[in-house]
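Paired with subunit B in one complex and with subunit C in the other, subunit A is shared by the two complexes that follow.
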Partner chain A sequence: MPEVKLENLVKVYKEIDKDTGKIRHNAVIDNLDMDINDGEFITLVGESGCGKSTVLRLIAGLDEPTSGNIYIDGKLSNSLSPKDRDIGMVFQSYALFPHMTVEANIGFGLKIKRVPDKEKKEKISRILSGLRLENEAVKMPSMISGGQRQRVAVGRAMATEPDILLMDEPLSNLDARLRSDMRTEFKHLHKDQQNTIIYVTHDQVEAMTLGDRMAIMNKGIIEQFGTSDEIYFHPANIFVAGFIGEPRMNFISGEIINEKGVVYFSSANLKLGLSDLPEKKLAQLNDFNKKKVIMGVRPQDIYLYDHRKVSLFRQNRFKMKIDVILPLGPRKIIVSRLDSPDEVDMNFHVELDNDIICREDELVEFGMDLNYVHFFDFEDKKAIV
Partner chain B sequence: MNIYKTDLIKKLGTNLFLIRLFFVKHIFALCLILPGVSYILFFTILICFSLINLSLSDQVNNIGQFTCLANYSAIIMSPEFRESLIRTIAFVSIGIPLQLFAGLVCALIVNREFSGRGIVRSLFLIPIAIPSLVTAIIVSKMLFQFPGGHINDLLMGNYFLPAIISEPVNWYNSQFFSLGLALCAKIWRDMPISMLILLAGLQSVPKDHLEAAKTMGAGSIRTFFYIIVPHPNFIVAISAVLVLRSIEIWKAFLFPYVIAPTYQVLGVLIEYLYHEARDPGQTSALAVILMALILIAKVLIGFITGRVERYLIKV
Partner chain C sequence: MKNLFTKNVRSINGTNFLWLVSLVSVLLIIIIPLIVLFKFSISDNSSLFPPVPLWPHNPDFSQYKELLGSKDFIMAAFYSLEIALLTVLLSLITGAPVAYVLSRLKIPGISIIIFFILAIRFFPGICSVIPVVEFFSNPIFNLLPVLIKVVLAHTLLSLPYVIFMCQGVFDAIPVELEEQALILKARRFYTFIHVVIPIARTGIAAAAIYVFLLSWNEFIFSYFLMFQSTTVTLPVYLFKKIVWTPQLNYLAAISVCLSVPVILFTFIIQKQIIMGATEGSSK
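Take a look at the complex of A and B:
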């Protein structure tokens, strides 16, 4: 049975239009469905303002949905107060109570639940030692470091052993090093406790590494919900394809042309033979004969032509001039310019090993592996194969 | 010996130089604090000093003669003082919590988001817009007059409600009632100030903290007592209200004077000693005693709030 189930969820905020002075209805969440299983680690990722934090607040009960239903543990809990939901929440600002010691902060939920003193003390000390905060027990939150505050916030949310742990961008105030440490710690925590975690972030690396499944949100709807592999290798639409992956996927718009049984992808920049594609994919693409499509290929799936076997890339190679090179230690990113006007992004990125020799302003021949090329419908931006 | 002397002079010289340097360097800052310093000097320190001076001297027979604590002992031995001290302590110990409570209730009402909040807030501010004397006269001469007065009329069934009593009540016969009336009028009049201070305190508690408490299982009552009340941003407001209001109530004069003149509190007794008994020495002695009482009360309030806070935030 799903632990959390969201059904046709809508949240509309009233706001006053600055120009007309009238009240405007702004749908932050627009008809959202989601099933979250017991014990799953779910990440919600999207750009700021996409409604991901609002989803979390609705699950926590801090806001009430305008319409739609929220089921927690099979129970309809639309207007259930947060205290009756058995949740723990970690806030982006941590929201540690500044007037209480670390110990009292962690014990607050237990104090509210009227846990007997002895048990409370035991639980607090167990959490403190689990989070390596024993020496900070009687300090005030203002006296400890950012990373420690973050751990206190997590410990405080876990103290009452809630069924569902909600985290709202908990790592966004930490520096990069600490963030990667904490990621590992969260993973451990989930492995030990096996509770349901719903984790909101704007960082795709966090979302991919942490979540059992991740949901990509955009403008109040979920664009795709699946494991990180599913999302990375089979993006459902252009938004997801462009959102996940660094540097972002290259998009080239063009047409599918079937010339005497040989299928080509043709655009202003390159012409690509597709006959090496598997039968099934090819058949689907054939439906788009003489129609506009967008081809997407990740920078990691493109190679310099010379470095691969010639036979593999008979038809799918193309020439491009290198514009600039961005070295990244073991890898380097080559940026070229696409010259047709109707592209999504004029920059074309290729990621290569650093030992491959190439120079700026040089005309080189690239090849790509057709197994990793994505095609999207130009009209509704959805994936074709 | 000589060497020491020159050394000392040298040292003094450098010190004087450093002091001069300090003044030159901070001339602007010193100019800025000058008005404040001179205000405190002339209006507080000098006045206190002359007050104490006055209270230690005879002002009736041999004017200006130093009498040590004779004025104080005369005051403390007098039955009027003891009576009015007891009244004032009762006045204060009921008045302060009531004042805090009234301000808090109004602040909590205005702090909620509802349509027409601005209007309600303005309505709550009306009491300070009416001069205290007018308020006191409305209460004593219009509402609670004997034998007329609106409240008597209301209770006797002259208005819309059925009669509850047959004879008009003389409110000013009872010490409890007339002082209670004075206290209520004072609290009504001072409520907006407490409300505004507490409202500022309430709004400076971050929303995150309240929401965090909610997700940890606290309802609104326990959120209020465990999070809002001991929150550093709010406890400042509470202490401000307690201290300011306690000073006000200790030295309450106008409302008891107009509404309950027969039952003197300390503030009224001062007036009586000065105008009726014509003894500036005893008057100033009483004023010094009142000042000391206010200081003691302030320390006591600090101690109690500290205790309550510590109780609320313990693990």
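Take a look at the complex of A and C:
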């Protein structure tokens, strides 16, 4: 049985329009469905304002849905108070009680639950040592570092052993190094406790590394929900394709043409022969004959032609002038300019190993593996599978 | 926190000098009347009349001795203290929850409610005293002890300030702290008492100081409500003495005694303000 099930969820906020002074209805969550299994680590990722935190608040019971249903453990929980749901939550701001020691913060939930003193003490000290906070036990939140505060917030949420742990961008206030440490820690934590975790973030790396499955949200709907591999290798639409991956996927608009039985993708910048594609995909693309499509290819799936001597057919190659080079240690990013004005993004990125020699302003020949090239319908922006 | 240890020592230049001059002059404006008051309170009779000396010829504390030996004065002082503390208590107990509700409930037209809460203060005290005294002379409420009447009247006067100040304090407390408490299965009332109030205590203490001063110094309402009463508050006591035109040094001594508890109370509460550091709840 799914632990958390969201069904046709809608959340509309009333807000007063500043210009007209009229009440406006703003749908933050727009008919959202989601099934989260018991013990799963789910990440919700999207840009700010996409409604991901609202989903969390609805599951927590801090807000009530306008319509639709929330089932927790099979029980309809729409208007159940947060008190009566077995959840824990870590806020982005940590929301530590500033007037209580670290110990008291972690013990707050246990105190409410009237856990016997001895048991409570044991539990708190176990959590403190688990989170390496033993020396901070009697300190006030204002006296400890940001990373420690974050761990206290996690410890407090875990202390009551909730079935569902909700986290709202818990790492966004930490520096990069600490963030990657904490990511590993969360993964360990989930492995040990096996509770259901729903984790909101705007950081795609966090979302991909942490989640068993991840949901990409945009304007109140889920664009795609699946494992990070599914989402990275088979993005359902242009939004997802462009959202996940760094640097973002290159998009080139063009059309499919069929010349004497050979299918090409043709645009102002390049012309690619597609006959190497698997038959099924080729047949589908053939349906788009003379129609506009958008081709997407990740910067990592493009090579300098000289360095992929085998298995690339002549027709997968195209020439471009290198505009600038951005070195990244082991890798470097090459930026070229597309010359047709109607593209989504005029910059074309290619990521190469740093030892590959090329210079700015040089005209080079790139090649790409057609297995990693994505095509999207120009009209509805959905992937052509 | 670092700034605490690295002191910024600057040499005195032109701008700093100007600041210093203005600071000192403001301090003087505040302090000189107090010094004059104190001077008169320890003056002997010969130093009261022109030409008044800069410092009394024979300073003594005889006025204080007489004052503290007077049963009436001591009674009045305790009466004032009692009324002021009860007013602080009552107005905080009633005002803070109202402020909390106003702060947390996001309903349209909240500013209209606040307008009406402040309304009593739009009239001069001498006008608003009439309905209040009228109210308390009604056959039922007339039976209340004078102490209660005065406390209620003072609470009425201080509530607008308590609500206004506390609302600002509650507005500054992140709602997330309460949501977190709710998720940890705490009841709303428990959260209010154990989370909101402790964090708000700084601001509430400031409101308490204000209310204490207001009640301690309040004259008009006290005067009319205690018209026939034998025990009166200090301001009323002072007024009754003035009517008999006693010597200036005696009045000055009463005035100094009136301000001492104010200073003490402010210091005690101020400690609370310094202790109530709310930083660290969030990043």
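Following the convention adopted for this analysis, the second predicted complex is superposed on the first by the 383 of 385 C-alpha atoms of A that agree within 3 Å, B and C clash if a C-alpha of one lies under 4 Å from a C-alpha of the other, contacts with A are read in each partner's own complex, and residues count from 1 in each chain.
Here, a residue touches a chain if its C-beta (ideal position, glycine included) is under 8 Å from a C-beta of that chain, and two chains touch if they have at least 3 such contacts.
The model shown is predicted, which means the values in this text are computed figures rather than measured ones.
In the model built by aligning both structures on subunit A, subunit B clashes with subunit C. In the superposition on chain A, A:Lys120 contacts subunit B only, with no contact to subunit C.
Contacts of A:Lys83 after superposition: both subunit B and subunit C are touched. Contacts of A:Pro141 after superposition: subunit C is touched, whereas subunit B is not reached. Of the two partner chains, subunit C is the only one touched by A:Arg149; subunit B is not. By the touch criterion defined above, A:Glu103 lies against subunit B but remains apart from subunit C after alignment on the C-alpha atoms of chain A.
Of the two partner chains, subunit C is the only one that A:Asn173 touches; subunit B does not reach it. Using the contact criterion defined above for the overlaid structures, shared-chain residue A:Gly261 touches neither subunit B nor subunit C, since it reaches no partner.
In the superposed model, A:Ala60 makes contact with both subunit B and subunit C. The intersection of subunit A residues touching subunit B with those touching subunit C, taken from the two complexes, comprises 60, 62, 81-83, 87-89, 91, 93, 95, 97-99, 108-109, 112-113, 156, 160. The residues of subunit A lying in touch with subunit B in their complex are 60-62, 81-83, 87-89, 91, 93, 95, 97-101, 103-104, 107-109, 111-113, 120-121, 124, 156-157, 160, 166. Residues 174, 176-177, 179-187, 190, 195, 198-199, 277-283 of subunit C touch subunit A in their complex. Remark: subunit A residues 60, 62, 81-83, 87-89, 91, 93-99, 108-109, 112-113, 140-144, 146, 149, 156, 160, 173 touch subunit C in the complex. By the touch criterion stated above, subunit B contacts subunit A in their complex at residues 206, 208-209, 211-219, 222, 226-227, 230-232, 235, 309, 313-315.
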